[in-house]
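Read through the structure below, which is laid out as structure tokens, and then see the notes.
The first chain written gets the first letter, and so on, giving A, B, C, D, E and F; residue counts start at 1 in each chain.
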Amino acid sequence: MYELGVVYRSIQRTDANVADKLGAFGSATVHEAMGRVGLMKPGMRPIYAGAQVSGTAVTVLLQPGDNWMLHVAAEQIRPGDVVVAAVTAECSDGFFGELLATSFKARGARALVIDGGCRDVKPLTEMAFPVWSRAVSAKGTVKATLGSVNIPVVCAGALVHPGDVIVADDDGVVCVPRARAAATLAAAAKREANESEKRAKLASGVLGLDMYEMRAPLAAAGLRYVD
Amino acid sequence: MYELGVVYRSIQRTDANVADKLGAFGSATVHEAMGRVGLMKPGMRPIYAGAQVSGTAVTVLLQPGDNWMLHVAAEQIRPGDVVVAAVTAECSDGFFGELLATSFKARGARALVIDGGCRDVKPLTEMAFPVWSRAVSAKGTVKATLGSVNIPVVCAGALVHPGDVIVADDDGVVCVPRARAAATLAAAAKREANESEKRAKLASGVLGLDMYEMRAPLAAAGLRYVD
Amino acid sequence: MYELGVVYRSIQRTDANVADKLGAFGSATVHEAMGRVGLMKPGMRPIYAGAQVSGTAVTVLLQPGDNWMLHVAAEQIRPGDVVVAAVTAECSDGFFGELLATSFKARGARALVIDGGCRDVKPLTEMAFPVWSRAVSAKGTVKATLGSVNIPVVCAGALVHPGDVIVADDDGVVCVPRARAAATLAAAAKREANESEKRAKLASGVLGLDMYEMRAPLAAAGLRYVD
Amino acid sequence: MYELGVVYRSIQRTDANVADKLGAFGSATVHEAMGRVGLMKPGMRPIYAGAQVSGTAVTVLLQPGDNWMLHVAAEQIRPGDVVVAAVTAECSDGFFGELLATSFKARGARALVIDGGCRDVKPLTEMAFPVWSRAVSAKGTVKATLGSVNIPVVCAGALVHPGDVIVADDDGVVCVPRARAAATLAAAAKREANESEKRAKLASGVLGLDMYEMRAPLAAAGLRYVD
Amino acid sequence: MYELGVVYRSIQRTDANVADKLGAFGSATVHEAMGRVGLMKPGMRPIYAGAQVSGTAVTVLLQPGDNWMLHVAAEQIRPGDVVVAAVTAECSDGFFGELLATSFKARGARALVIDGGCRDVKPLTEMAFPVWSRAVSAKGTVKATLGSVNIPVVCAGALVHPGDVIVADDDGVVCVPRARAAATLAAAAKREANESEKRAKLASGVLGLDMYEMRAPLAAAGLRYVD
Amino acid sequence: MYELGVVYRSIQRTDANVADKLGAFGSATVHEAMGRVGLMKPGMRPIYAGAQVSGTAVTVLLQPGDNWMLHVAAEQIRPGDVVVAAVTAECSDGFFGELLATSFKARGARALVIDGGCRDVKPLTEMAFPVWSRAVSAKGTVKATLGSVNIPVVCAGALVHPGDVIVADDDGVVCVPRARAAATLAAAAKREANESEKRAKLASGVLGLDMYEMRAPLAAAGLRYVD
């Protein structure tokens, strides 16, 4: 994989309506609805608590210590996109800050997900532009080596194609492939519907042991109770 | 240690009054009062800032990627308990989320301490159910392999017996063995009393060097001052 | 380096006016203005979000698990100082808490930067005394072995001389050597002036590609666009 | 990505001759010949020094703490294959040991690359079956939950399709996509040819500064020499 | 737990014959025979490859940066013991080196297991005194603060009582409680007997799928094969 | 600190005789003789076991993912030097491999110490050119951004001036400032002389408790023995 020095301008984005609705479910429910795949590593953390977004992926491949391609990516952003940046090596530099966020926001981006570092945490928080990153660092980067835009990338362990749906919140970041987005949305909705009912039962004191009918399989597995 | 596939239903809890009072002192004071032992590894962090709890331990031993035993544990919870979950291997999966928290809360649990991952950070924060964990991850778990409930466990480096007192806040998590709880409470109270007085002196500009009479031992150890 | 068992009482502090003004720019701008050097490792994190300080460094060299020298350092603090503490080995113990913070604050210190652990996060937050540290731990320390005060130290990878300027915020901690402080301030001011203009342009939708005139060098480097 | 519960029996392997020849160049040269992409994270280490292998990938997706799919994968191995195992969560358990290695070897596998743990290091070393893993752990695993065999996987940050070429040695593990294998082999051979000549020059004392004609670009970049 | 400042001189050691025989099986087999509990964290690594030992535990609790108690422990060593050292905080200092190893060896110790750092790797290798540690560091330690000897300790996540059996090799370190040693030995022997037969079958090309009769449960779990 | 884009050609090296003799003592003894300062972080590991070197430092400051300055440094090497490379950000790339090692060796360098990654481990081992690094990675680097040569650098937490003595072995890497080299050599020699005698005593069964006369201070500190 990984063609270097190329920008794909025509990408097929997941239907915006589907992408938006997936975001409302949050990463944990969407991850379950996907069959428990597509999650980025838990080291990807939001720079401030409480943000919850979804959008269609514009992907970027960066070189360590070099954010040139983020500027190239800005031009490819359309309203509703989430930029997903992979780096060819582990690097905690602050590839992204207030100025790029201003530009991304003006283009309609909803968030950045970067397998590297971010800076300007306070201004980004004030302008409500959320970033999920593996580090925070004041260290800036150069603009010297080509990467690519809108090629498939592996970001924090997850494969992301341009146009896939990204769902991110306090629990992490999940990628839903475009071809599975509609089915995932349906599965998430079904799952969520069940959860409301379960929540009410559990809140009333019903045990999961009974609600999920676990007592028999636990006994079959050999669980012993000792008084 | 570590008997697998067993649930102890009858555990001896530390007196609730003692457990409650220990919580008011916070983990740092209680840890000092214990003689500086019993602290979990500093990687155990609260999912939101500001929570401060104490309670009697219901212990759980989990298998990696499997939260079956948390459902079994729910039935053993009594009001005032804190659930302490160890895992037989390092695993960052999200073993615990909103539904289990709803159930735990309905049973009277005050918090979860887990040497693994947690998810649903936003709903848990909204329902004010604190969790101390070593990771946050949207990844759910299966229900396939037995662990145990209410056996002694090592959680994040600390040995916890069922019924011990758990004190947790922004500084970390400390375990006070049941047999030492009353003595630790007395020591903590004595320590705290001293602290108020010291705080006032230091706030007025008195130096610790003088208040603790450190100048002589420092000189004896060979400390030199150079102008 | 590292003379042990000595306290230098006479240090040359950077001009307070310069130190104060550097703080207003924040760590990222100051780091850029320095030519991208002087930054501490990104693992140095504030104990609460939003703090932004600057001040003149009083340096301390600690032994692992031992905070004796922080008491010695307190006496050397003057209003406007930031205490910078290195440790001779990696140690996550809570070297610093509420009592020392009370003393430091009474002496006029603005913050602590420590390549070790901190405790009493909640009271420190309430008294608005910010700490940048590599860990939070309830574990206290002994007072048994000498280190030094106001010698040059390496803290989280950055060399700090007593009297240097420390700038710290959510993005990290940067050290500006005394001899370069005035020039750095001038460079930071110039940089910031440029940024306002750039920010406005980017917010209006102008692309960095055009504003920075990157299209030609990108083409020269071989970047291809594919429709 | 990541279809669960499926085994693809018909995969297109890279030509064995090409795969074998790539191995002779080693991971660093192949990675360069690929344009510096396709490398797994540096945390993937061989269990013993000096092994150097290449082969065609049979891929496996495992669940944390569960090695069931490695048994399923064994049947799909053909002589000359290298098994590449990803895990759906970070897990250091020892998924693989002497018995599986005996089986893999009997089927013709040359090595295992696993983004998890390995055990039986001593017998594996004695039987000269190399493993690249992110951990060594005596802890075994259960056989309870389905994963998949021969689907595309992300292993230690690298995307691997079944049939791709894996090159592994003391420097790490690189994946060469099937479609690029022949071109990569040609590029590696060309690169290696150049290297012999360069090595001789450098050994004779010629400087890289002169051999690569770096003096002019260094001066252009502003490098100053001070006597 | 953790009584400080005390040395227990009379400990009940596991029968030497049992301890010796357990060592021959290695940590992975013993860990399985224990029911997959009792293993230390995988970060505990031998300072040289190939060592395989077992013995009865003499336990030590150390303070960070302080090895005083290792000298106290030396006197409690009897031939056939393995010293197990926990530290009250994470610390990578080199607590142990050639001189202590000389003394330990003279007393009959077979190895050291330490949840901290070790130094003098080359002389220790030459004198064939194995150490399992979480770090290697040239940094020495002071002798200033009391810990304890022969109290129960948590070392790298495993609870160890004095007199328990320690089995350590390239795969890691496992602790077998004294009361379970004989049963574990029997279970390990039984397990090993089975393994020889299995190894021969697998070497002849029989698949684990058939040998373990996994095809039916895999199909029941829903595994699909695609040609 | 950290002037960028400059090469200092005239550096004052420590006397070669002193540098050579320090190496014979090893990093642990030298570190003790220095008063326990000057050690690099324990994460700096040799690429193969058993190497033990010393030499005078030629220092390099690198940018992440960029090894241009190593080529510049090669010209400044004189026989007996050890190259010490710091990086302005954490980066595990393989900055150094066989070709540079051939050049360094031809210039008389004895080793490289780099706070980044190294590659070509097998050829470097075969040519017996030792490297201490924090990572091994097959990933190469670009030549695009200036750093400096022979400025003071912080490498893995230790301050190194050009011309200082570097001592490196299996235990780690220590830096001895030029001005303290002779005194450190004397202290190391004295220390070593004592050690031979101590070693003999300990080997004969004498306890450190008696040899170091620790029984009284231990009793004074409150150590209790329980039978």
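Note that in this section contacts are C-beta pairs under 8 Å (C-beta built on N, C-alpha and C of every residue); 3 or more make two chains touch, one makes a residue touch a chain.
Predicted model, so just to flag it, every value in this text is computed and none were measured.
Annotation of subunit B and subunit F: jointly contacted by A, C, D, E, touch as defined at the top. With contact taken as defined at the outset, subunit A and subunit D are each touched by B, F.
When the CA atoms of subunit A are superposed on subunit C, the rotation angle comes to 120 degrees (nearest 5).
Across the two candidate interfaces, B-E and A-B, the one carrying more C-beta contacts is A-B.
Because subunit C and subunit E share one sequence, their contact can be compared position by position; here over half of the interface residue numbers appear on both sides. The centroid of the Cα atoms in subunit E and the matching centroid in subunit F are 31 Å apart.
Our note on geometry: subunit A versus subunit E, Cα centroid distance of 41 Å, whole angstroms. Touching of two or more other chains is recorded for residues 36, 42, 88, 90, 92, 137, 139, 145 of subunit C. Contact annotation for chain pairs lists A-B, A-C, A-D, A-F, B-C, B-D, B-E, C-E, C-F, D-E, D-F, E-F, with touch applied as defined. Remark: subunit D residues 26-28, 31-32, 36, 39, 42, 45, 49-50, 52, 169-172, 174, 195, 198-199, 202-209, 212, 214, 218, 221-227 touch subunit F in the complex. By the touch criterion given at the top, residues 5-10, 48, 68, 71-72, 74-75, 92, 94, 97-100, 102-103, 105-107, 117, 119-122, 125, 135-140, 143, 145-146 of subunit B touch subunit A in their complex.
Every residue of subunit D that touches subunit A in the complex is listed here, in rising order: 1-2, 4, 34-38, 41-42, 88, 90, 152, 154, 157-159, 177.
Against subunit E, in their complex, subunit C makes its touches with residues 63-66, 88-93, 137, 139, 142, 144-145.
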